[in-house]
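You will see chain A twice below: alongside chain B first, and alongside chain C after that.
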Partner chain A sequence: MDLLVSIILQIVYVIANLALISLGLAIIFGMMRVINLAHGEFLMLGGYTVVVATNNGVNIWVAILILSPLVVGAIGVIVERLLIRFLYGRMVDTLLATWGLSLLFIGLITSIFGASTATTISPPLGVVTIGEYTSSGYELFLIGITILLFVAVYLVLKLTTLGLVARGTMQNAEMASALGVSTSRIYMLTFGLGAAVSGFAGGLLAPITGVLPTIGTVYIAKAFITVISGGAAILAGTTSASILLGGLNGIISFVTGPTLGEVALLLAAIILLRIMPRGITGSIFRKSI
Partner chain B sequence: MTLNRRHFVASATAALAMPAFLKNAYAADDIKFVSILDQSGGLDIYGKPMVDTTRMAIDEINKAGGLLGRKVDLKVYDPQSTIQFYTQFATQAAAGDKADVVHAGITSASREAIRPTLSRFKTLYFYNTLYEGGVCDINNFCTGSTPAQTVEKLVPHTMNKWGKKVYIVAADYNYGQITAQWVQKYVKDNGGEAVAVEFFPLDVTNFGSTIKKIQAAKPDMVMSALVGGAHASFYRQYAAAGMNKSVPIASTTFGVGNEHKLISAVEGDGMICAYSYFEEIDSPANGDFVKRFKAFAGDGAPALNELAARSYEAAYLWAEAVKQAGSTDRDKVTEALRAGLGIDGPSGKVQIEPKTNHAVQNVYLAELKDQSFNIIEKHENQPPTDTLLVCDLVADPTQSTFKFENGLKAAGIDI
Partner chain C sequence: MRELREMKATWIIAALGVLFTFAAPSILELFTIITLAQVIGLAILALSLALVWGFGGILCFGQTAFFGVGAYAYVIAAVNFGGSTWAVLIAVLVAAAFAAILGYFVFYGRVSDVYLAVITLTVTLILFSLIRRTSGPEYKVGNALLGGFNGASAPPLNYPWDVSAFMFPEQVFYVAMIALILVYIFCSWLVRTHFGRVCVAIRENEDRAELLAYDTRLYKLGIFTIGAAIAGLGGIFFCIGVSRVTPDVFSLSQSALTIIWVIVGGRGTLIGPILATFALYYLTSTLGSQSVLNTNLVLGTILIIFVLGVPKGVVPAVSDWIQSRRGRKALRARERRLQRRRPSGGQNVGSTEGAE
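Entry: the complex of A and B
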């Protein structure tokens, strides 16, 4: 019984983890059709923000919850202004440009901080005991905060004027522009929001996975697979794909081992995209966000 | 001689061309030392310090007048943690650069990618990483420690201390697979039981399900042969679940990527590792080496570990062999090395064992405390008995194989 509860908790954590690393990418891809190959590096920069801040004496919660989204969001806005805005509608070009950006960030961070960074942060919140089993309290916190983050993004998109205007701009930029919306500003803010969410995710994961300049490459493939499998709807797509792929990965990892767990995740994504080429939300939950 | 314009132009051109010509002639006379080590990508945590110490060794050798009156020219390639670049750069080093010696490779996968190439081109090859043992190649000197030198000491020590049920976690490629077999063998030899063995692809960062499985299996200790930056998160998550207090970890790889600086003291304290070098070795030679390295590498100097120290020592081993051979010719240098050549480095004495082309070396056991290693045991002059079981280059110097390619059982070793 204890084992079952802690396994279920572990699988929920795998799902939350996948959803967390994918959300920023989903916002940028889902809203703007920009394939951001530097997504992994946005996560990495969020992690570095936390490490640098805590090394300089900033409280770890302030670093994670406030600084990491702010810093990476600002970087996102700069990147959009200097690079991305010239490339809208040119998917292959954005692909190349953001890939270059990804290499630039890795190189930059490596030359500033070295290949490995000494850190002293460890996951806060201690240990949670379930019968004979123990879990990290921080993992439970991550599950909770992922749910909160999704709710927050939903509320912003659904209830605020900014969300409404942003969704309108993504559907028909010319019409939005004709109605007096500054589409360029909306693009900038959306990209910044996506980057901020990515940075936040990176900051949240920093204490539990550690940060290295190259850590982004570990996340990018999984985030992409999740977003593409999810389809066009940002939240419903990411959530449903995370539950499907993460759940499968969690279960198979537990039964056989992580190698087959990864295989199962990739295989499921291939089959899914063969059956539903436009992702889960291309076939079901079509009206959702 | 009257100076007219035509003369002036001609002589000026000659004067300008002269230094370039001299430089070329000088460069052709340089001894070529090529290093192929990952300085970017997931394996750079290992590669960067190795390149730093290699540069320092070559720098010192050149400042001391070079070798045979010639300058040693170091060329460093970065294969970016990608195997195909290893093959490409090894070919470039051997066929293009006509290197006198190549020091290369971090993972066993990269070594096996380039070893046949360098052997075919008859380019002398040094592999300076600790690994699973079993390379039997006349052209390849493996100076790193092997399981019979380290794991054989580590397993009984930690089993006596912690208990006999061992859970093994390892990286999913030839190093991890074969090292896990060595651990199983030594656990069995010492009357213990390996309750489970699990392998992880190099990009796995989530170890939650494994940690639950470890909790369910209730072992007395965990033996880790995890590799690379992503795998460092295992130790964090293990500590976050409170496991480091109840089931301690010993490792064959922790620390050589300076992971002990990546995780905090509370997460790492109590781990035990075995290598042929630790920065904390208390000897005048090592104290001096560490001091020189900090001066050489400056403020951002990384921590030193076996891989870094051995890269430095191996450069000196080769240099010593060149001096004794009086030539950089591969056969002559190989012969000098195989005559049982040794040097005194920061780790102590390192000597080539001619049957295997591996190194006889000191091995230290150390316990992690506050992000540094406290040395608890020292074993002097350990021979590579694992590779000696399967390799005899004195009897048959034509060999060029990796004996453990298909695991230990296939090589006739009982596990």
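Entry: the complex of A and C
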């Protein structure tokens, strides 16, 4: 029984982890149809924000919960103003430009902090015991905060005026601007929000994974495949794809080890896209956000 | 063979390539020749992406997956068979087969081009993390250890069907260069055949090509598979040039580099990406030897500048410029002739011509 609980907890953690690293990408893709190849670097920048801030004496919770989304969100807004806004409607060029941005960030951080980080931070919140098995308290915290984050994004999109205007702009930008909405500002804010969520995710994961300039590459493959399998709906897509792919990854990893887990995740995604080329929410849950 | 006669520029470039091949060993140092073998492998990779992306319109961000699969397949086959003759053939076939299977899922699933880009990139990255974990004696294919993070050493090329006659670096250079020239001529021929023209038509407008009763999925799968076979060939020369194959062939920076070569050289040309590979390889190896500017920083900046400023790439931009100059010159000459004949109406004719 205890074993079962701890295995289920482990699988739920894999799912939550996948959902967490994908959400920022899903917001930018779902709302703006921009695939952000610098997503991994937004996560990386969030991680660096936390490490640098904690090393300079900032409380770790403040660094994770407040600084990482704020800093990366601001970077996202700057990137949108300087680069992305010239490329709306040119999807392939956006891909290439954000890839260039990704290399640029990796190069910049390597130049500033070196190819490996000197100091890492240890995860707060010790261990939790379940019968004779133990689990990291911080992992449980991550599961909880991922759920909270999804609820918060849902509430922002569904209940606030900003969310309504943003969704309207994404559906029909011309009509929105005819009704007096500054679409350019909405794009900027949406990209900033996506970047902030990515930075937050990176900050949350930094105590577990440590930070490296190239750590983004570890995340992006999984994040891309999750968002694409999920389809256009941000929350429903990310949630359903995370549960499906993360669950599969968790189970296969438990049975055979982590190597085959990722391969199973990829194979499942490719077969899924053969059946549903527009992702899960392209075929079912089409009306959801 | 109408196509072969139409390829005048290709023959000239190929002839220049042959000249370079025979001149290089007497001009360049042996060390440069050894390095060149791997750069030629990379140039073949760039050529394959130029074909798949520039002419097939398939946005393959993971062309290095086939490059790496080719390299690993060569190493595994060469170690197991104790010779490179069949290993080369097997490596090319394995890369093509891998692309055919992946391509079946993406093209027949009618995955859109941007999704395709991300899927191919993801496949490459998953291969990267998969191969990195294969350190340890239990991960081997036949007698060949995969070697995980450190990779496996690549057996040298030998003369066909003579396992004991290994090739020297200069000879490897000759073989690689000849392979590059032949593949270049092949690609140039391929895009002029009926098959190639249909691929270009699909790139321009897939719906229209489909309404003309072409099975666009099959054509895309075809050019994707041919491109992967060429990339696999590039992988063979690369791993022989480096004398090792490591998981880095699947790394994100290698895929990015390949894309940058094609963007800088120009989509829609074949020679552009080849030249860009040599030029940018020189640039990155120079950058690698100093520590002021980080290589990724420079590459990222180049990519952004080209996407925003020179989206067509260097070779098309230069040839457009030459053509427009030539056109303007011809126009001016014509205006002068007309003015001499009809001093009043010449201006008018000239301006309507210019508007076209």
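Assorted remarks:
Criterion: the second predicted complex is superposed on the first by the 288 of 289 C-alpha atoms of A that agree within 3 Å, B and C clash if a C-alpha of one lies under 4 Å from a C-alpha of the other, contacts with A are read in each partner's own complex, and residues count from 1 in each chain.
Keep in mind that, in the parts below, contacts are C-beta pairs under 8 Å (C-beta built on N, C-alpha and C of every residue); 3 or more make two chains touch, one makes a residue touch a chain.
The shown structure was predicted, so the numbers you read here are calculated from the model rather than taken from an experiment.
For the composite obtained by overlaying on chain A, chain B and chain C cannot both be accommodated without a clash. By the document's definition of touching, neither partner reaches A:V151: not chain B, not chain C. Residue contacts after overlaying the shared chain place A:G250 against chain B, while chain C stays out of touching range. Contacts of A:V5 after superposition: neither chain B nor chain C is touched.
In the superposed model, A:I106 makes contact with both chain B and chain C. Legend: residue contacts after superposition of the two complexes on their common chain; A:L95 is shown touching chain C, with no touch to chain B. Legend: residue contacts after superposition of the two complexes on their common chain; A:T259 is shown touching both chain B and chain C. In the superposition on chain A, A:P277 makes contact with chain C only, while chain B stays out of contact range. Contacts of A:T217 after superposition: both chain B and chain C are touched. Applying the stated contact rule after C-alpha superposition, one finds that A:L179 touches neither chain B nor chain C.
With the complexes overlaid on chain A C-alpha atoms, the stretch of chain B that clashes with chain C is 95-103, out of 41-49, 59-67, 95-103 or 347-355. Comparing the two complexes, residues 106-107, 110, 214, 217-218, 258-259, 262 of chain A contact chain B in one case and chain C in the other.
For chain B in complex with chain A, the touching residues are 39-42, 44-45, 47-48, 81, 172, 198-201, 203-210, 212-213, 215-216, 229-230, 232-233, 236-237, 239-243, 257-259, 261-267, 300, 302, 371. Interface of chain C with chain A (complex): residues 59, 61, 102, 105-106, 108-115, 117-119, 121-123, 125-126, 128-130, 133-134, 251-253, 256, 259, 263, 293-304, 307-308, 311.
Those residues of chain A whose C-beta lies close enough to touch chain B in the complex are 3, 6-7, 10, 13-14, 17, 106-107, 110, 114-123, 126-127, 132-139, 207-210, 212-215, 217-219, 250, 253-254, 257-259, 261-262. Interface residues of chain A facing chain C in the complex, by the touch rule stated above, are 35, 83, 86-87, 91-93, 95-97, 99-108, 110-111, 214, 217-218, 220-221, 224-225, 228, 258-259, 262-263, 266, 269-271, 273-275, 277.
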